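The next part holds the structures, each set out as structure tokens.
Same chain, two partners: subunit A is paired with subunit B first, then with subunit C.
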Partner chain A sequence: MYRILKNQRLVPNLYHLVVEVPEVARSAKPGQFVMVIPDEKGERIPLNLADFDKDKGTIELVYLVVGVSTRKLSRIKPGSSLAGVAGPLGRPTEIGRKETVFLVGGCFGPAGLYPIARELKLAGNKVIFLTEARDHAYVYWEDKIKAFADHYFNLFRRDCFDSGKTLETAFNMVKLKYPELSRVLVMGCDYLLHKISTLTSSSGIKIEVYLTPIMVDGTGMCGACRVTVSGKTYFACVDGPVFDGHGLDWVEYFARRQAFLPQEQLALGKLEILPPEQKKT
Partner chain B sequence: MSKLESFEPGLAKKLSEEREKDWRKALRRELTVQQRLAIPRHRMPEQPVSQRIKNFQEVNLGYTLELARAEAQRCLDCGQPGCVAGCPVAIDIPTFIKHIEAGEPERALEKIRETNGLPAICGRVCPQEVQCEKNCNLIKAGKEPVAIGHLERFAADFIGQLSEKVTVSTKECSAGKKVAVVGSGPAGLTAAADLARLGYSVTVYEALHLPGGVLAYGIPEFRLPRAILNSEISFIKSLGVEIRTNFIVGRTATLEDLKEDGFRAFFLGTGAGLPAFMGVPGENLLGVFSANEYLTRVNLMKSFKFPEYDTPVPAARKVAVIGGGNVAMDAVRTALRLGAKEAVIYYRRSRAEMPARAEEVKHAEEEGVIFNYLTVPVRFLGDSQGRLRGLLLQRLTLGPPDSSGRPRPVPVPGSEYEVEADLAVVAIGQSPNPLLIRQIAGLKLGRWGNVEVDWESMGTSLSGIFAGGDAVRGGATVILAMGDGRKSARSIDNFLRKC
Partner chain C sequence: MSQDRISLKINGRVLQVQSGKTILQVARENGIFIPSLCELEGLPAFAGCRLCLVEVAGKPNWLPACQVRAEEGMEIITSTPELEELRRNILQLILSEHPYFCLLCQEKNTCQEEKATISRALEPGGCVFCQKDGNCELQKVVEYLKIEKVEYSFRDRALVLWLDDPFIKHNPNLCILCGRCVRVCHEIRGEGVLTFAWRGQKMEISTAFGRRLLESDCSFCGACLDVCPVAAFSEKGTWSERNRSLRKFNYLCSLCSSVCEMEVEATEEGEILRIHPAEENRPAFLSGCSRGRFGLKELLNDTQGSLKNLAEVDPARRRKEPDLASEEVARKLKQYQPEEMAFIFDGQSPLEEIINFLEIARTLQTKNVFWFYPDDFLTRLAAFEREQAISFRRKLEKEFISRARTFLLVDCDLKNEGLKLWLQVKDRLRQSASLITVDSGLNSLELQASYQLRCRPGTEALALVLLQQKIIEKKPDLDFVEGQALWREKIKKFPLSSWLVRTGLSNAQLEGAAECLLKNGPVVVFFGPGLLRKEGWKATLAYLWNLATCLGAELFPVTIRVNELFLEKLTTRYSAKISPDLLDISSKIRGGEIRAAVIQGEVPLLVKPEFLLVLSPWSSTRLSENHILWPQNNIIFAGGHFGDVFGNLKKRTSGNEVSSGSQKLKEILFSGEVSAFREDELIEELARELISEKMERPKYVLNVSLDEEPGKLFTPVTEDGFRDLIIFIEPNLDCYAGRFMGKEGGSFRLLRHPDLLWLNGEDILRWGLREGQNVILEVEGLEFSLILKADRRMKKQTAVVRPDLHHPFWIKKYKDGLVKGKIRVLKN
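Here is the complex of A and B:
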């Protein structure tokens, strides 16, 4: 169980993990996530499903190395096993028909959006896909995604001083070109989610953001993941993880994400010195 | 004795037959009733307060054989044992106690195990003072009740496992038939053990990565050491039960999927995992936790050993816990052990109404927990960073009884006051975990989102699906959950014989 088939660097800051979990692969739907426990003393961390294969019984994950758990994860060799994988969790992304959907992914986002793009495309929707990245070295799966996108483009943060402006330009360009645009899905770092939500607040278009609050069980049992949307509290792991970016209480969301910052830094400091290939990405 | 008959027809007769055995008669004659009544109740040896508030080891150290035998002598071996009727699974209490008095704890444990599969756990966590011990006839004689829970725990701990002795039936009709148990709490584990004994092929599915339900994620080690839980679980595995962790029924596979995989009957023991919040302003501030999150971090994820274990737990100086049940006591005592300078319970009724086990309240008081009765937070107060800095509290008085029969707390106008706190734990109750049960088409749910069952059989509105424990009762007790699991196992056996 939970045997790792592949665990290697995808781009400088992201790793690509393929694990055997037949039951999860069998039930997985685009937009869902799993809880991963790296080792016996590990934390339960949520990661989006970047792909799944019923026949092979495998799932794929793409993760950013940030703290102790993801760092530990990056050190586990193929052939060995994770302590646990539970899922699929969260509501699958709704797949409509004949809609024009704009998918915006940054960091690990393009990976998690990939199966969503595929499903949307196969259901007859028009898929516009934007990868937001520092520069070209951070772009991955371009060809894979293009196979299911009507229109694919990259946006590099390095190219402009004020990236918010560029996102805005990109968004307006898409809106102009596809006036029928009705949905926008955003996955990636908080910055991206927040930026798009604010710059589209008067556009009349629904922004669906994939939130990444701190989670413990991922099954609705603890309330660690609670977020406020339009004045109401939700448990992101069972009610989400997708929410209306215009209704979210961002201030609270950002604050709650920082809950364990001092402890995380302490733990990271105690983790032994990084192997050379992982220093500084 | 009619109460006894409601457990099991012929139980009263069975008890009195046991009682009339020669060894029992002889033992009764060894001491007079007066001599027995003169023995004071033997206190449970405990870790000293100053030491225990710095560790997560068990507070109660357990009786020695000498203490246990001396305590067993207090039992009068009554012809009409009130204790048995007070125990939700009707353990033959006088028989097991007399085995201890006779110096045969092994036989005591065998007796207990006839009706209770988790004695080491029940002896520790049952609210004895409102169950078996409440009905002990010694109370009528003006004495303290026999320490039935302590003795049960003693028998279980002294002997450890009986695993070699277990015989699993290989009845033709059950052999090979697959039964799925959802949830590995006391309800699920008991159902699984009984079904395995009946010869069924049982798989327990558990959403979390470790089995045990609340026993694993909720109740702290200082009340229930994990070694005890683990040995009970390996005992159940030794019966042939397979436990699949990290498997969320309804997500990893649906009941339909499991039916396709050949499962013929289901037991839902999914518990009451959904934490209630108060719905007052500021509840999502940093530093406000549900008891489930706080306790899960510490117990299941072992964050009291952070950073050896990776899951962090908030450090706090002043901790406010809202609630008066076992969950609140566990949270507040955990906070003390994690180094809180001040740990306070805010409970909206008075001490008399507090639902926590008496022993937990006593331990909490000894450990320096401050109890504030008749108070309720009306707002959590935050600083500019969204961190909790205090609570706005309101005083209450007790009015006429509400639907639960307890006096209704009534706010005192103008009584609001502020206190400082950097961590608050909300422990005001939980309701049935909706994840699976709301997903099953046609499954009848009650007013609180609980699974509705026929109490005779524990059958739900759907054929072949049975349910018990907190999923049915809301927050109840370990022993009631186990009783439901046992009843369901019998009903599943009846059901599968027919098909």
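Here is the complex of A and C:
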């Protein structure tokens, strides 16, 4: 069984989950993800590994509550178990040496980037870390991340209307300060991924985005997670989840991502109106 | 006084306005905008948000426009640089605890398009994820005040969301503490469930002891949803309307005599998302109840028959009445002799449909026409009127309520039995009118009454006489009506002291109530059908009449079912019979006297005749082979007139013209023959009759014979009687066309459904039972499996059931109002 040790609200709408999954904890690498099934009747959803501990046999996940499965997850009490966890899945993030890497995370992104930052730093890279959030109240794990970052800073949505600081100015600032910058990793909502890819399109710097297409099996069989990058087709679950943000066919990506929106909305409505005692897992 | 006109100046403009209004109202009526958040038309002022502060010449301080009344000669300035600065500051403080980023963010629209997860967040971190987006009052005020940045950083209050109640959820982290929900719940609806609470540093909306709504006497009226300016209170299963096409239209709710106008919102596929009150010129929170908004939604969504209708919301595509069977129907019906046919209707349809139905029966010359009506309330009342040569007023004029200073409710749970009437009474209570209840059962209004005469079951009549006795003692010269002196002599001969013991009332309670009735006139007395369903009801009613007479009070029967008052007239006009149980018809069918029946609506006819035509809103109704089902518009599509508790007619204003099975039937049976008949003219005539009928206030007392002593049957069960109960059988209105809400597995069954047994919580405890437990109720040798539900308003050793009145046993017992029973626990 996958016993839950912790399931706690970190910041509004974002939860921190710690589960015992020794098999995954043993072989996980930064940048990989797992498939989680919240309850017996639940669907499989992919979540990035936010940390893992071989010795304790635990993994950590940080998830945003958006639809049926994540809503169910948010109601499970520590002490009870998840119906299923499969992984680690996806290709681990490449860890080079002596590179300067800029990590940008929004929403669940900082959590998923945390083990990557750690690995990069330990391998001798220079790590610059930006957390993009609405305001300070939405920032989490700041100290934890700082321990593995040469330069850490926050950018708030507030800043955009207060001081005109935007992702663009932030990016330019980093480029100015670290002219050797060669890699940018972005994890978070589609908007952030797309935004950064667009505003760096002529910078010559490699943008690696952690995509979150809809996934069903997570093993390259179903084709649900198909994406097109520079004219070639990939399955995000086995070939990704990281792809070149400049080469991605964003229009297709958004369309596929939103394909089931009305059904998802209805399913969530149905879940909400279930009598409370039937919702218990 | 309030008719007086005053003259004042706002921003230099001279205005002539009616006195008695607040500055904010005056400004609004004259097109002058003053920002406000906590104020809402129809709610008492709270002056909590301070956004509406204005400058008044000669006053040292700024005044809240929502609270201060406009006065003659006032000179008001609504906007100065200082005021605007102050408002912006206030608003920024509010925003610092409300996720405001999307309010100010220029990228909101692109972000909305690209974020696949819009509007579904558990806790919105901004408008893009919020249910209220596009329809939010905070958004509007921010726009008006042109807020471009917020000086304070956002503070996450991290309060716990309320997710465990049916239908309603609450996100305290979005709450701006405007207090509207508290005011509507407490002062308008009279529920008093919501309060402000301090938790450490943090103020939030709460219930007593932080219980969930289900355990807090919440009636799930939904008013808190209607008033909340942001998405703090919201309905489960609904979402932001942005970028989605919903079908919306209004209809009249015919589930009870309040006949609220409701709006339904459905998806293209026909799933109902939301039903909420939508009356023109009336704040939403002055109508609607759990049954109409949540129960009906679940019932219709769960019942396949209606979904089909719903998918065809568009009138052009709406299902057509079947033509296939029409020839056959006409042929078959004409085969039978008039006396071999029965016509039965249930009364929940628009009056037009019922009249058409009655016309058909008349044209076919059958005398077997029945209104299936489990309450024979009005029949009993009419019989009483004939016997005593008196008449009760049916039409309820507004002034009676607006003038009254004391309301006396006798066996009448006005909140459940006449919601709109209750809301008007509640309004008077706020203006210091008093409420007195005389009730032996469960009366949800008792906690609001100044005097509660909770007598023992079945002793209402005694309580009324005792009350009158106190009145006479206090005012011996009350002698302005005919028969009064005689009546007074009679009262003296009653065994009053033993009656006092029997009722279980105290002298002090009676004294207090009598005092109140005498001092705070005019008095209006309401009684519900429960009163006439008890042993010795005639005496009780006579005593009540006499009491009202000596007080010079108005006396009204409260009808709880839609159309009741009009159907009473129609049945007389068409010589239809009222049938509370259909047993008689069933036995005639069994005996072969009746061979064909036409049923409108869903009535519990247990024996099916040779030929049966059912006009039903449920396409899933099962019938055997030679029986025919004709679909009828269901409640949300039904167009036409409905009669309400006040004796008013209401007509659906939007959408559907009348189109129904009975109209179709009329056409095919006698194409052309009855064309001279116009149901709309008849309806108007009925309405006129109801107004013009001379029904006067009681002017003389009735001479009641002494042997009519009520309450004999129900000597109280002994205090130590283990699990012995006196059970009140109450009507169950949570039902539409024969289907019960909450029986289909939705959340409504947590509130009310036909298998619940309400008990006093203390009884539950001391008898070793627990709420939610399945028990067997033994009554007169029969056993019923029921679920326990606690209600602290119940009297000890009494219980309430609201059973399915289609069950022959319950309908029989229902007429007596009370029954004795015992609880047995299931062994497993």
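Please note the rule applied: the second predicted complex is superposed on the first by the 267 of 281 C-alpha atoms of A that agree within 3 Å, B and C clash if a C-alpha of one lies under 4 Å from a C-alpha of the other, contacts with A are read in each partner's own complex, and residues count from 1 in each chain.
FYI, a contact is a pair of C-beta atoms (placed from the backbone, for glycine too) under 8 Å apart; a residue touches a chain by one contact, two chains touch by 3 or more.
None of the values given here were measured: they were computed from a predicted structure.
K.L.:
Just subunit B (first), just subunit C (second), both, or neither: which does A:264 touch?
P.N.:
both
K.L.:
May I ask you to decide whether A:136 touches subunit B, subunit C, both, or neither, giving the answer as first, second, both or neither?
P.N.:
A:136 contacts subunit C only, not subunit B.
K.L.:
So, does A:155 touch the first partner subunit B, the second partner subunit C, both, or neither?
P.N.:
neither
K.L.:
Answer with first, second, both or neither: which of subunit B and subunit C does A:85 touch in the superposed model?
P.N.:
In the superposed model, A:85 contacts subunit B only, not subunit C.
K.L.:
Taking the superposition as given, does A:12 touch the first partner, subunit B, the second, subunit C, both, or neither?
P.N.:
So A:12 only meets subunit C here.
K.L.:
Looking at the overlay, what does A:71 touch: subunit B (first), subunit C (second), both, or neither?
P.N.:
Only subunit C is touched by A:71; subunit B is not.
K.L.:
A:252 contacts which: subunit B (first), subunit C (second), both, neither?
P.N.:
In the superposed model, A:252 contacts subunit B only, not subunit C.
K.L.:
Figure out whether A:113 sits in contact with subunit B (first) or subunit C (second), or with both, or with neither.
P.N.:
neither
K.L.:
In the superposed view, which residues of subunit A touch subunit B and also subunit C?
P.N.:
On subunit A, the residues that contact subunit B in one structure and subunit C in the other are 258, 264, 266, 270.
K.L.:
Which stretch or stretches of subunit C touch subunit A in the complex?
P.N.:
Result: residues 99, 101, 104-107, 110-111, 114-117, 119-126, 129, 148-150, 153-156, 158, 163-167, 169, 173, 236-239, 267, 271, 273, 298, 746-747, 749-750 of subunit C touch subunit A.
K.L.:
Help me check something: in the complex, which residues belonging to subunit B touch subunit A?
P.N.:
Touch list, subunit B to subunit A: 207-209, 245-248, 251-254, 257, 273-275, 277, 283-286, 289-290, 292-293, 296-297, 301-302, 306-315, 385-387, 433-435.
K.L.:
Using the touch definition from the top, list the residues of subunit A that touch subunit B in their complex.
P.N.:
These residues of subunit A touch subunit B: 23-24, 26-27, 35, 37-38, 41-44, 68-69, 72, 83-89, 216-217, 219-224, 226, 228, 233, 238, 251-252, 255-256, 258-260, 263-264, 266-267, 270.
K.L.:
So in the complex, which bits of subunit A are touching subunit C?
P.N.:
The touching residues are 9, 11-13, 64-67, 71, 74-75, 134-138, 157-158, 160-162, 189-191, 194, 254, 257-258, 261-262, 264-266, 268-270, 272-276.
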